[in-house]
Amino acid sequence: MSDTLMVIKQLDVSFQTREGLVQAVDGATLELKHGRIFGLIGETGSGKSVLGLSLVRLLPAHASVSGSLLYKGKDLLQLSPKEMRQIRGREIALIPQNPASSLNPVMTLGSQLREAIRAYAGRTGSKRLNAQAAGLLHAMNMPDAEQQLRRYPFQLSGGMKQRVLAAMGLAGSPSLLIADEPTKGLDALIRVQVTEMLANMARRTGAALLLITHDLDVARVLCDEVGVMYAGQIIEQGPAKELFAQPMHPYTRGLIASMPSRGMIPIAGTAPSLTDRPAGCKFYDRCGSAMPRCEAEQPDLYKSAHTEITNKETEPIDGTAKGQQAAAKHKARCFLYA
Amino acid sequence: MKMSYRAAAGLLAFVLLASLLAPLLAPYDPNQINMAQRLAPLSSVHWLGTDTLGRDVLSRILYGGRVSIVLALAVTLATMLVGLLLGTISGYAGGWIDEAIQIVVSIFQGLPGLALMLAIAGTLGPGVKSLFVALLFTSWADFSRVVRGEVMKIREESYVEGTRALGAGHVYIIGRHMLPNLLGPLIVLFTIRIGRVILSIASLSFLGLGLQPPAADWGVMVNDARPYFRSYPHLMIAPGLCIAAVSLCINWLGDGLRDKLDTRTEKEHSLL
Amino acid sequence: MAYFIRRLAAAVPVLIGITFIAFALSVASPGDPAVELLSMNGFSQPTEEQIAVKREEMGLNDPLLAQYGHWLSKALQGDLGTSYMTKESVSGELLRRLPATLSLSLLAVLFAVLLGVPSGMLMAIRRNRLFDHIGRALALILVSIPGFWLAIMLIALWSEKLQLLPTSGYGTWKHLLMPAVVLASGTGAILMRLTRAALLEELNKDYMLTARAKGLRESFIVLRHALRNACIPLLTVIGSYFGAIVGGSVIVEVIFAVPGIGRFAMDGIFRRDYPVIQGYVVFTGLIYVLFNLATDLCYGLAHPQIRLGGKLR
């Protein structure tokens, strides 16, 4: 399919730490498409941020990554550091989490924006650079964009900083935008604004957006497709509407039940340690529907049995007939569907 | 513990043991003057030769660390107690008590250590007692600042608040919650500090303000050997190497302990 | 602006405290200043009466606090008393010797920065690689070597063996080279470690990820982003080291016969010239405080948040 931008296959990421080998991402497989929003949800520590960073190869040096990251047909893991640098920002941009600390405190917004633009556009006059920088901020609905360029990060609110970071991410007109919990630490109202802005931006420019979030509402409303991560694995993935309407995996069901709007029923127990993960299903200890085989055997991803019903509910967003295909893709890593 | 730290600990233990057992190991009385044997070269009789007064250098080297090391331990211990007391009061009490103590701390930190040390030791006259006072006065402030910082951090912890809410007394909270938490940073600071103090004692002794000749002390020995350095360099190299080795081992060990016990206060320590 | 005023205000009690300590030293000194002064004047054995008169004249019979007030008010006018040794004003003597100490200290700080900052940077960038290990070992050795011993070893090598540098004295840059190196060695080593730690801290900060995600070159990112932030804490440290070096220059001034305030103070100590010791404490304390203030100023200027009047944290 021509609208496929990036295919991630069997991605494993592990870290050698003092406490042992940490398996942060385990066999992640997903596809990112032009103009579509893929939401990656899960608790803190489930590996979703690591997955995001591994796509631009910006993990710390002690991480070991295997699998394949096919971006426009090239495997990013095979590129030289220099080639990879050319990809960053121009092709794949990252909007980091923690807006509060992700801007350099001693540089003005202008100089931080300009260096991004300069990196992609080559040499340009300072006037044009400034105009472009202001334009980017303006596109992010920043008031007084020109004045903002002379300000320092500490003079901005969290939401404003997030917009600046988003503007930087978009400076190179990337084809893929990875937004790593872009709304962490922001007020509820601004959270919705910022995420909607990103989503609109992606739809308008035809870029793919990988939205990493633990905000289930955001994922449900904005995303086309959603993957649920637990203990380093994508344990369920499928079209957003279907996944939220008919969650397959017991963990996803628990996660949805724990949403404030659904009664805030917490899932009992805690996630397993990433250094010493259980051999079988990672959710076994906390699962209400666990079977004997779940303990020792690792479940594969199994397709949903409800394909027929869900077909009608998931009207394709862009009007093309993708319903069948999308529904078929709803799958979960659980023996209930084996 | 890493290999290199074990090596440092081993070397230090060796030096300490040799100093401790000096009366048994030393072939001669370190202060026995023998003018007939002045500046004797290295030989099987005098392994490291003799100095200008015919004293056996090896014996003096073996004895030469005893006073400095014991004094350094005593001073650092006293410093730590003062710093612990004032730092805990300062950090725990807060308010005007804290401010008053902090002003005194900033005064003592506002003076270059060596200058004040010289002035105190110089004014009081040379000797162990004035060394002790000079070293104590110039290093308690750093200790109390670190302790205060830790206490303030711990005070805010929820478990301490919880204990307080249960009606626990101040002494109980300090003894039960704060002191055990302070142990790591204190051990690290103590170790690093001892290294500095040994260097300071040697420097003051070298300047003639610390231990006095004819004491068998490394710093004194370096100073004694200066006029003869050109022809008899070993007289100065040997005690100098001893000082450097002891302080190197201690600093090395301090680094290792810091990695192990306390990673938070790296900056504060390296400033000392 | 509020920041600078606050720093300035904080320096006042420190300065008062320093004068108090300097004054307390004379009180703690053994012997009677009147007797000391009289015997320095040439009287071999001053009579009881002479001592009593002199004590009254010097105000030694007043309450201590009054004596302190009297001494302080004179000190504030630049009068730190008269040296027993030279019969001249202590402040004049110290001021005359200050340039030697300051030029020595300045050169030492320069050396320390030249050694510490670039190597600390490289150590951080090449963390846990060979250069880092060598650098850390070197730093450990440098802080452990007693300065006086290093000084004599350097003299042995450069003056006596190679005959390239003068053993002692003051006058040309050659005279300052070795003393400055000795003074710089310990400080340079500490600076190495501090630079390494400061840069490592910055390298792990979130904004570095942002910069890397822009696809910028790593060397550019380190120099432009990380180093700039790491320099801010280093700046304050370097300033206070300068003060500490001024106070710590005594040993090298004695060994290399540099006619600075430290050597003068040592002479004062051995001749029991208490006004000189007092004056020395006041002087070094003052220099220390002034340099700390200057660094605070630099810190404020380098830190946009303080410069633009925002609240810190």
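Going by the order they are written in, the chains are A, B and C; count residues from 1 in each one.
Basically, a residue touches a chain if its C-beta (ideal position, glycine included) is under 8 Å from a C-beta of that chain, and two chains touch if they have at least 3 such contacts.
None of these values were measured; they are calculated from a predicted model.
Line, ring, star, complete or other: which describes how these chains touch one another?
Its topology is that of a line.
B-C versus A-C: which interface comes out with more C-beta contact pairs?
B-C
In whole angstrom, what separates the CA-based centres of chain A and chain B?
Their C-alpha centroids are separated by 54 Å.
For chain B and chain C, what's the span in angstrom between their mean Cα positions?
Result: the chain centres lie 21 Å from each other.
With chain centres defined as C-alpha means, what is the inter-centre distance between chain A and chain C in Å?
One centre to the other, that is 53 Å.
Of all residues in chain B, which touch chain C in the complex?
Residues in contact with chain C: 103-104, 106-108, 110-116, 118-120, 122-125, 195, 199, 202-203, 206-209, 219, 222-223, 226, 229-230, 233, 236-237, 240, 243-244, 247-248, 251-252, 255, 266-267, 270-271.
Which stretch or stretches of chain C touch chain A in the complex?
Listed in rising order, the residues are 205-207, 209-217, 224-225, 228-229, 232, 302-305, 308, 310.
So in the complex, the part of chain C that touches chain B is made up of which residues?
Interface residues on chain C, with respect to chain B: 10-11, 13-15, 17-18, 20-22, 25-26, 28-30, 140-141, 143-149, 152-153, 156, 160, 190, 193-194, 197-198, 233, 237, 243-244, 246-248, 250-251, 254, 262, 265-266, 268-270, 274, 277-278, 280-281, 284-285, 288-289, 292.
Which residues of chain A touch chain C in their complex?
Within the complex, chain A contacts chain C at residues 53, 56, 58, 85-90, 93-94, 96-98, 101-108, 112, 115-116, 119-120, 152, 154-155, 165, 168-169, 171-172.
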